[in-house]
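Before any comments, here is the structure.
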Amino acid sequence: MLAMPKKHPQTRSAVMRQESLRIAVVDTTFARVDMAKEVLAEFARSPWKVEAVRVTVPGMKDLPVACKRLLDDGCALAIALAWVGGERLDEQCAHEANLGLQWAQLMTNKHILGVFFHESETRVPGEQRRIARERAREHAQNALWMLFAPDELQKRAGTGQRQGGEDAGPLA
Amino acid sequence: MLAMPKKHPQTRSAVMRQESLRIAVVDTTFARVDMAKEVLAEFARSPWKVEAVRVTVPGMKDLPVACKRLLDDGCALAIALAWVGGERLDEQCAHEANLGLQWAQLMTNKHILGVFFHESETRVPGEQRRIARERAREHAQNALWMLFAPDELQKRAGTGQRQGGEDAGPLA
Amino acid sequence: MLAMPKKHPQTRSAVMRQESLRIAVVDTTFARVDMAKEVLAEFARSPWKVEAVRVTVPGMKDLPVACKRLLDDGCALAIALAWVGGERLDEQCAHEANLGLQWAQLMTNKHILGVFFHESETRVPGEQRRIARERAREHAQNALWMLFAPDELQKRAGTGQRQGGEDAGPLA
Amino acid sequence: MLAMPKKHPQTRSAVMRQESLRIAVVDTTFARVDMAKEVLAEFARSPWKVEAVRVTVPGMKDLPVACKRLLDDGCALAIALAWVGGERLDEQCAHEANLGLQWAQLMTNKHILGVFFHESETRVPGEQRRIARERAREHAQNALWMLFAPDELQKRAGTGQRQGGEDAGPLA
Amino acid sequence: MLAMPKKHPQTRSAVMRQESLRIAVVDTTFARVDMAKEVLAEFARSPWKVEAVRVTVPGMKDLPVACKRLLDDGCALAIALAWVGGERLDEQCAHEANLGLQWAQLMTNKHILGVFFHESETRVPGEQRRIARERAREHAQNALWMLFAPDELQKRAGTGQRQGGEDAGPLA
């Protein structure tokens, strides 16, 4: 009863031909931590061939169209890295950026993994840095699994995975 | 005066030819309960032939485009399974995911049943698990009715049905 | 200086040829009152020939794509009937459903009259039932005027009409 | 360095040929003041030839698709007149209507001037009437300037203009 | 592993041919400070040839379609200048305008830099003026970098840049 999902044509063919895939990595000058560096390091450790295409924009509301342009140009997936300040207006911007990312994904039929660190999560600078970096690395891993090893995600379904913090785990 | 709704062409023909229909079942690694398992079990008990196409994504904001890709690839309907954490940011994500699911439906002209469990519904782990599972099963039933037996829904119109809890019932 | 609005081609021709128009009536199993019944009764009392195409979906977030499918299949207008529960999450769902209805209208270039009863309007069951029914009937009337007698609406412009309650009336 | 903006082709040609332009004026039966009357009076006083195409819909969420249909039928611009009640649900409706107006504009590439009076601005009926009327007139003026005399707007850039109340003025 | 992002075709060719690029500068009569003047001054100081195409609209909700029309007419990027009043309704308008700007960008595949000053940032008029002007200038600089020198942005990635205030700086 359980069919294999068919990969989206352009993704599947690239994987099948064992070519390297291009992944867009888009970050901001607003962020206080270089999250893209973590993503690139994770890609470098990967067993899969990945070509990162990096673009930097001023702020998080500039991420959706930047990702869409790179996906339109042939990237298989995008990672959107954002740092959300501690004011109400910053949270409002994050909401608008996230809705833009939804549309960009539906218009391109490709995934954009949003990696947003919110200052409201913790006010301790060292913790902010640690969470932002770890979240970036763990979502880089997710991106690779989505393109090359979807089974890795499926075997973790419903297990309470978290990025940039301890996993919640499955409800026993 | 009351006309039979015409089924959407691709759905109708499949039902008429008695072929098995493909239904997308998309869940997350974030969830703490394996809701997809419940959906698949419900399909297995069904009198109708259904082929489940399962994909797992990291979090709920990844559901809309994952559903859209599977609907574009020929699935007749999608079930989007999500677990919403107890923080304000989790509720914000759920809102963004739900808007994405609205657009994905309108772009594909097919239904996506959103099955979201919110931790704000109850803090008791055993109850959380029970509600999430029951809601998944009851929406799997709804999905089957929508495709194979729309009259089952129509005879329950205005009767206060609830998924994952006691029905509110009709106002007498 | 005041020109007659040109009817949308497909609507105008049907009215001119005196054919019966098809109107989609979409409701939910979630609702606690059979609002569709009121709409159908209002159509039956109408001097105009109308064919109702009724579909029932589980909940209000399923209304937009259900309406869009029926409008794409040739209905001239849709009536979306919803019952909004008393919790914050119910209001959130209503907001998402309403945005979906906006997009569905703009994508089809046809009107969808949203008839939403909110439990927050009154907690008295008898009042809830009365408001929901009356609102459904009055919007069925609006739907007929929009298709067959737009002058009836124009002569009520700016007069504080309300559906499911006393009219506010014009500011004298 | 400062180039003249090129008018949108269909607008520009109409202005150049000195033909009368058609402007959509859409209002509601919900409103408690006849705001369309003020717009028409302002057009009548105008030195420019304008043909108003008026449509009345039940409520503000019906405005976006009504405007879009008229813009698709050739109107050069639309004025959407709304009265927002004093309850939280009314404000929610206004937000949904406004988002619909954003999409309608982007889909048609034409302006829709939203003229919304909110009861939350003042509870004094006489003031409500005065503000609603004055706002309608001032936006009718803006509509004319946008189509026929964009320089009138540009020379007021950054000067704190307000519609339906005293201008805030420029910060000296 | 790090590939050069491919510029969007129409942008790239213009830059390569060393032609002047057209940038849309759209502002409002609502604003209390002439922010467009600051943008034009910044362009004048620029080493790159830029042609500004300026349009003024009444308020911030008129910005998205105005930007989209200019981008459709060939501008390479738009700067949307807005002043957000101090009331709750003003913030609501800003949110709606920002969502419109997201869609306009995704529909045109070009960037629109939103430069919004909010009165809630400070109630001191002199400070309001200073922030609005400085933000406009710094985003004009960002616009130029995005088109002519994307490396300038990339070397500032994750360094806590702010427009219209002191930079937050990188987390050491």
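When the chains are written out, they are named A, B, C, D and E in that same order, and each has its own residue count from 1.
The rule we apply is simple: a contact is a pair of C-beta atoms (placed from the backbone, for glycine too) under 8 Å apart; a residue touches a chain by one contact, two chains touch by 3 or more.
From a predicted model like this one, the values you see are computed outputs, not experimental measurements.
Minimum number of contact steps separating chain B from chain D: 2. Once the centre of each chain is set as its mean CA position, chain B and chain C turn out to be 25 Å apart. Centres computed as Cα averages put chain C at a distance of 41 Å from chain E. In chain B, the residues that touch at least two other chains are 99, 103.
Each chain touches its two ring neighbours, and walking from chain C in the direction of chain D yields C, D, E, A, B. Of all the residues in chain A, the ones that touch chain B in their complex are 1-6, 8, 91, 95, 98-99, 101-103, 105-106, 109-114, 118, 120-121, 139, 142, 146, 150, 153-154, 156-163, 168-171. Note for the complex: chain B touches chain A at residues 22, 27-37, 40, 43-44, 50-58, 61-62, 64-66, 68-70, 72-73, 83, 85, 89, 92-93, 96-97, 99-100, 103-104, 107, 125, 128-129.
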